[in-house]
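Next come the structures, one after another.
You will see chain A twice below: alongside chain B first, and alongside chain C after that.
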Partner chain A sequence: MRQLLSLLLLSLVALFFAPRASAADYHEQLVLRPLPLSALLASFNFRSNTTLSAFEAHNFRFFPRSLGQILQHAGTRELHLRFSLGRWDAESWGARPWDGAREGGTGVELWAWLEADTDEEADRKWRTLTNALSGLFCASLNFIDGTRTTRPVMSFQPEGNHPNSAMTNVHLLYGVLPHEVVCTENLTPFLKLLPCKGKAGIATLLDGHKLFDASWQSMAIDVRPVCPPGGECVLEMEQTIDMVLDIERSKRPRGNPIPRPPPAHELKCDTAKPYHSGDTCFPADYNANQDWSLSQIFGKTMKGTCPLTDPNVPPVCLQVPNSRGVYITEGATEKKNLDLVSRCYEIAPDTPEFEMVLPRPESSEESGQAVAVQEVVKPETPLLYAERSFTGHGQEHGGVQTILRNPSPDTKVEFIYMETLPWFMRIYLHTIEARIEGQAGSSKQDPLIQEVYYRPAVDRARGTQLEVRMRIPPASTVFLTYDFEKSILRYTEYPPDANRGFDVAAAVITILNPNPNATSPRFAAYNLRTTSLLCSLPTPDFSMPYNVIIFTSTAIALAFGGMFNIIVRRFVAADEGPEMTLTAIKERLRKRFGGLLQKYRGKGG
Partner chain B sequence: MSARRPLDTGALGGASSSKNTTDAVISDNAAPCAVADEPSSARKQPPPEKASDVRRRTYVIVSFWLIVLLLGLPIWWRTTTIHRANLPLDEMLDWADGKACRPVFPLRISIRANSLQEQEAQNLLRLTQHALDDLNDFSGHHLRLQLSPPAAEETHNGDDGAALTIRLIPGESTTSTLDPYAPVLDITYPPNSIPSPTSSSSSLATYVAGQLRSTFAEEQAIISFLLSNNSIPSEHRPQGLTPEAAESLSKRTTRSLKYAPTYHLTFSLFTSGPLPSSWDIEAAIDEFMKPVLNVLTPIHNFTIDTQVQLYASPGVQSQILSKEDLSSFINAAEWPLSPSIGGAPTINFIVFVGNQTILAAPREPPKTEDGLSTSQSWLVPQWGTVYLLSLPSDTTHVSAATLRQPLLTFTSHLLSLTGTPQSGSLPLRLSTLARIRSADLLLRASSTLGSLARLALALPSISIPGSVADGVSKTMTHLRLACETLGGPEGLAHARIAEAEAERAFFEKSMVGQLYFPDEHKLAVYLPLLGPVGVPLLMGLLNEIKAWRKRRRERAERGAEKKKE
Partner chain C sequence: MDGGKVTLGRTAGLYLGAAVLRLALFTLFPGLADLLTGRVEISTPVTSFKRLQEGLFLYDHNVSPYDGGVYHQAPLFLPLFSLLPSLPIFTYLLYIAVDILSAGALLKIADSGEAGSSALFTSPRREKRWSGFVIAAVFLFNPFTIATCIGRSTSVFTTCAILHAISRAVAGAPFSAMVALSFAAYLSMYPLLLLPPLLLLCYDRQLPERAIKPGMRSAATNILVVVGVLAALFQMSYLMTGSWEFLPSTYGVQLTLSDLTPNIGLWWYFFIEMFDSFRSFFLAVFWLHLSCYVGGLTIRLRRQPLVVLTLLLGIFSIFKPYPSISDASLFLAMVPLYRHVFPLMRYTFVIAAVIMYTTFLGPAFYHLWIYAGSGNANFFYAITLVWGLGQSLLVCDLTFAVLRDEWEVERPEMAGKDIRQI
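This part shows the complex of A and B:
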């Protein structure tokens, strides 16, 4: 399975790296892959190139000018930006698309290689870059300050081809905003960067309502210089959107989105159950019911093709077994690939609308389970499963536990686990521990933790950076745990919704490529990110300052008043002082205001 | 009432007896008898206080008040005061009102008359200067003639700082031509028109003066317009600016961009459909626009970028664009025309490929000299230019030759966007531009200073950091230098620095975001503390003063009684 997929990828890579003089400056492709449990993965990929000479001369054709001038202004060599939402359910969906290279943790993630002579200059350029990108993408990237920026040592390697001389004064900076909510206002500028905007081609299917309703979605922008052998160096910009749609949910009509129980005759029941009857129903396996059309799940049909796209790259591909039938619009041609599980569609340039219908498999009605397994391509097993959670209780201390599982029966996995923690989580490095499930500790010969890079936090200035290189033996589960202490923030450092808690960025796991070679030159074989965590800190009562003012004032007033009176007043017997009874006061008041009252009464009378 | 009193007093007296002096205890014991004796008489008088006790109480109150006044108040003052750097407010307002500098543009014009005798030339110069002075009504703009030595013939024009060189050449009749490539005015004259040394007027001199005046008329008008729009006192103000002329000048100045040392030019090709997707813009710029940009280099720098945008729908969909549609044609929401991030203002030049045409308003027939401009392109004030290009629908590539007309239009619009005057030869227009810009910058920096001064006066609670005072003093230094060297290149440089410094001082970050601390908050913080502490202090002081006055009165009474005795 994996071989087939990598074959497909390889053909794509070969296509891309082939020396091309004029054409193929831009291509786009949509890959649709039905997943188990009534899910559909849609991967949009847009790739545009510009030659480095044209880029440096400020002539922008496919490369967007708005992003180009930001990169030039900030001296950026390579840029990676991610907007993500939701959780990839690896247990049922399998390996991530693009081997996890095009996804980020929940929120916004940005890393870039900047050209600078000193660290201070790099920081200044980084600030320029984040501020400019924040304006371009309508995201709060400008909040990536010193406390949210780290300089990873082991986890990232540049993806592009950089000349060795240029790499000496290049700085890698990494910033993450786990709290950012990705939404439509980030999609609109993303689409504006495309040469065909959202007006033609596969980008017409993208719609904020559907995209941000997905179970998981990730928008990525990658800019890197690529020097094909024997050709001119180009700056490549790749824009990727991956989303996992819940088919049932997507098929809900836009005008009536409230979920309602379906009427009894529409229920999909498992008729094989012995207790199945008119009034009992066991829900059938979702796999059996994958039928959809493009307009149902995306809310609209595809409007032609982008005329700039490379004609050699088919715009739409579908990964279902070849046995399933698919209906398509006239004018498009289907090409089944050799691997028997994918097919692509060539769309004639003058096709105004492209629609694709994947009907319910005919055979499933009669034969049931046995055939239903074939309806969806079986997902590939990922190299590693990771889960992270908090342990402990109370407002003072806590712990983090990451469960890492190597599903492979025969190969060990070597990877780098990177955490960027906010400064108010003070970790105790001596408590970091890795143990294999069912064993007391790690063996001395082949320790689980190979190498640790740790940069401690500085209060209010810098977050913790922890990079751990680990090696996990085959078919084993490893618990990586460490403890931390929560520090108390200042009154003004709490966000408006302080009781919600503080987001802790996802851990980045980079699985190292065991033997990088020409066919798989990437440094990382697979990337994955854990979910982000919500850390609750002791939250003060925010009326506290006024309470403190009032309380201390009262205390001071009491003490001072009493003391001052004792010192200053003269104490005499009760009958010697001025008369202070109710009657006396009445008398005095009458003396002062009596005349007035009488006058008023007289007037009234 | 009287029946209850003994009980009352007994209880109270008992409670306070432990704290009280022995006198009080004694009086306490005696109280019931006193009430029984005189039920109607009010109260018993407490025994007289010792003088030392009275004095001690006075000392206590005085020392408390001394601590509050000498220690508390200064500390409170020091910790809550707002830092305000000293600004030379009067001087700043003087600059804004134009009292500090009288903008004078001395223009030196050299006359080169190689065929004339020294004596004759001097005489002609004197007469021409007279004629000029008679014609000129605006003291700020002063033309001064000088005779350039014949030896300077070979050297390049203008190297001696003269704004214009007049070359007098003997010829058939009196004619004048402006050299299109150099600031030189060629005047031919018939030999008999040379004034004799004794004559007091000469037609040639009047002619030269008239020519000079018409050459510099536009510059003079613009400068006087700039001055009249500022708060320059009226005695320096020129008269005779007709309302129509002022209106056209104000149109032109609002059209032109604010001065900046660098402009960013963005050339965009927008198409309503998928084609064309490439253009030869680089070659076209090199060929049609670079020459003008190179000439402008002493005043402005330019950076250039270009982009191609497909599927761009304009803000107006109708086929024929009326005058009203033009303002909404640019689809600001969708077209990626974000300004450059480097800080230089961006000038946009847009070629829009589509089949839309502009409907010229019937009442305003297209002007002859820019008839093209009314039918295919228009200028957006302070922003840039749009050019509608209609091409066959299957064009995929726009060649440099097709871009010739758009780029020539852009070039002429660029000149008017930068505020270049319209008449005269190019070198003259550019040197005029430098003078106009320096006057403009000078006035702008002065008015910024004035605004800052007024702001500082109007908001007493705004804090003024030291950097602002620094910027102000730098601005004033450079303004003074600019004022002295107005008209020359250093004048422009100084005015530029002064303007930048003034803007920086005015837009100081810590001043823009003024800390908002409402009075209610102050009340909420101070009242709980100062109320309970202040009231006993104040009451103690008042009681003490009352007691002191009573004592004084008693003493006076006692003294009077003694005297009577």
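This part shows the complex of A and C:
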């Protein structure tokens, strides 16, 4: 009886506290930001918290149990996982969302702080973690082996609040799979980790067809402990999806996706051109295409809101100038922010569907360019532009060139450039050189390269790790170059598509905060990644291992046989010694075996 | 007296000419050195100058050069080159000096007449020989030698050490011969296989006043010297790099062929295409094959140990794991010592044609494979096969000529007649 009473009491307490707990512990938000050139950035953010004590007691509420158990088993303090595709076009889209902190290089990237006493134990736990995550996310994370794992020294710092005592035996490991193709099978497990499982709320907009058709997309999972001042420490899990959709492409009807040239009367022409006439057309700026609706670009409408989300956080925000009008479904309320360029929508809990239509600004047809500027918010200039490419030709030697441009007219930018290269790119560090465009070399008193950390590759055991701390003066472009040699592999080490080339992971650039203080304690002010590279190695002929073995063995046999013959046999004059003609051989054979033959014949007869 | 002076003047002129030619190539064509350094025919993973520079850079910046996959050369190169002033001209002068030292050693070997008449055998044809001047000139102006020098391959140091070991042995100084051989073995390991014939050469040529008579005692003393010097060198390397990890990174790479960069030898393509489960078996077979010639040739040609050394150098330049044209140039430097048996060789035209053919077609086929993309790896592989066959024909033919020369001492009436082997 007493037990039953206490159970009742407990459930009452739970009922009473549950809504409050959920309100603080989970929220989701979608931010839509139209970008120049007919692009739209959609940032989905899902954040769930659980107290560390509940997590350690295996008491999972919003935190997914599947992931939580993996983290506990592998002793993971902090985890960051990225699935990315495409290229962020910084020249036209400006700064990256989240200051680049929720973004990875092409393929899959994983870094984690693991608790371990020794390096070997850390490696073992890392293997456990990658194998388990590989199963959870249907990705080839289990291929992150010794050759793809590094221990960055300068580039990463924990984002969460870790007690200092715990940091002494924590190891940072970083692995990257640039060849991995991110696809729908990675999205499904990603959505399953959400409390609403993609059945309600903003996650209903996520669809593999649209997400992986985007010009650029990045899925991120970040798990970190956060200790709010005066509160209990919580384990925070943040799931983020950023995608840049091409509006024109997304608006194609699902059933008839083949693009066809539009009829002449639908062409958007730039009427300001002097040669504009009935039969000539210069295509108008793509900015003129910023009219869309949620269902057009995502293929479906949003199915209400997730009931578990914090009602104080508006689920959908849109970043367009306040002058533009937006149509929304009944039941949602618009709230314009004070910065004049963003507004958020609150959706009543019982709204079955949410739809939003951004119409074309009325005046754009008449006055052209002047209004087009007003249509989208002008993108922010990033702190640094980076581009990386290969130089040289042929499959023997090569070089890597990174072009880094500081657009700011008056501030220096200091950053850490990190590359993890596969072992078959043998880099020559003595050829590393940084020079400012238009100058011969780096000045002595303020060198571009401040510090280098280098761990050379060992054949078939580990990759190269190169971290360079650099400082670039304002308004200048720097070329960072080095040479490398392409090694030839054993034929079993090539993938089936050997002539496609080998992917080289993106370089990670971490820009340091120029004046760190209490309000901006973040180690990295901005992150960016270059694109990945495709390195083609010399290939052997895969069809002829037997032929090669036979030919080489023949050459060796000829040399050895010739030598052996000369050394072992005696010289005689041409007319001396025993004859070795056919009759002589027959005669010798008869002498040796003739008697036997006679005997046999005698027996037979 | 006068003749001696003239000879001295001529030799000095020869050295000067060789040095000026090399210096001119270095300075007048500044891109040539780096171009040749990048050629696979000249630079192998264990001798490349670019890899040496990388090792030096890492060494100067306190990163262990052996904790990586690039530098596979002996540790003592590092202090040697880091003590050199950083101007490239000093490197050029060092390489030129090493080449001239090698030529000097070769000249002494040739002038000793050991090739024609050793302690146990005197060739009836020994009068027909080239002087040391000619032989040194052939070595110094051999395009292979010049290319190796301009390409700054570190195998020139091994070449120099081997030639000095032979020249000291011929001069009757076994101790310094053994020290030189230890240096060669320390730098590239395979010269250790030259020890048995070199012991015999030392024994045959020891000076009467300092002779150690019983052969076993002489051999034991010399082997002890080699072991002692090698141990000292390893100890110095250990003290310098602070660990023994240079051993697997320098000698281990040669033993296991973990770096499969193409070269003119037969190993690289064979081990690219080898099935994984048989890799270690065939590595053992290839090394066994390389070392099996030592015993046979040393016994069969007991009376002429210098011939054994020459033939072994030829065999190594075909069958060692990372051969380059530098090894071929060393062998081709020793071959003219046997001018007197050239008339007994049967395939001189074929050999010369094959060597010329591969010299020109090798780079062309490599270009087709790596740069033009219109050929595949088999093109270059085929040329390395032909190169290997051509060289092995030269080795076999020289062996035949030398053996026939020996035989004609027993049968002087057979000179110029047809013979056969049974």
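Things to note:
We take it that the second predicted complex is superposed on the first by the 525 of 605 C-alpha atoms of A that agree within 3 Å, B and C clash if a C-alpha of one lies under 4 Å from a C-alpha of the other, contacts with A are read in each partner's own complex, and residues count from 1 in each chain.
Everything below uses one rule, namely that contacts are C-beta pairs under 8 Å (C-beta built on N, C-alpha and C of every residue); 3 or more make two chains touch, one makes a residue touch a chain.
Note that the structure is predicted; figures quoted are calculated from it, not measured.
When both complexes are overlaid on chain A, the residue A:A457 reaches chain C alone and has no touch with chain B. When both complexes are overlaid on chain A, the residue A:K199 reaches chain B alone and has no touch with chain C. Once chain A of one complex is fitted onto chain A of the other, the partner contacts of A:L489 are limited to chain C, with no touch recorded for chain B. Touch criterion met: A:H430 reaches chain C, while chain B stays clear of it.
In the superposed model, A:E120 lies in contact with neither chain B nor chain C.
Residue contacts after overlaying the shared chain place A:E396 against chain C, while chain B stays out of touching range. In the superposition on chain A, A:D497 makes contact with neither chain B nor chain C. Looking at the shared chain after the overlay, A:M544 reaches chain C, while chain B stays out of its contact range. In the three-chain superposition model, chain A touches both chain B and chain C at residues 549, 552, 556, 558, 560, 564-565, 567, 570-574, 577-578.
Within the complex, the chain C residues that touch chain A are 38, 40, 50, 53-54, 56-58, 63, 67-70, 258-262, 266, 268-276, 289, 293, 296-297, 300, 315, 318-319, 369-371, 376-378, 381, 385, 388-389, 392-393, 395-396, 399-400, 403-404, 407, 411, 414, 417-422. The touching residues of chain A, when paired with chain C in their complex, are 393-397, 423, 426, 428-430, 454-460, 485, 487-492, 538-541, 544-545, 548-549, 551-552, 555-556, 558-560, 562-567, 569-574, 577-578, 580. Residue ranges on chain B touching chain A, taken from their complex, read 1, 5, 8-9, 12-13, 16, 19-21, 24, 27-28, 31, 34-35, 42-46, 49, 53, 57, 60-61, 64, 266, 274-275, 277-278, 281-282, 303-308, 310-311, 334, 336, 338, 340-342, 524-525, 528-529, 531-533, 536-537, 540, 544. Within the complex formed with chain B, the chain A residues making contact are 57-61, 64-66, 68-70, 73, 128, 132, 136, 192, 195-197, 199-200, 306-308, 546, 549-550, 552-554, 556-558, 560-561, 564-565, 567-568, 570-579, 581, 583.
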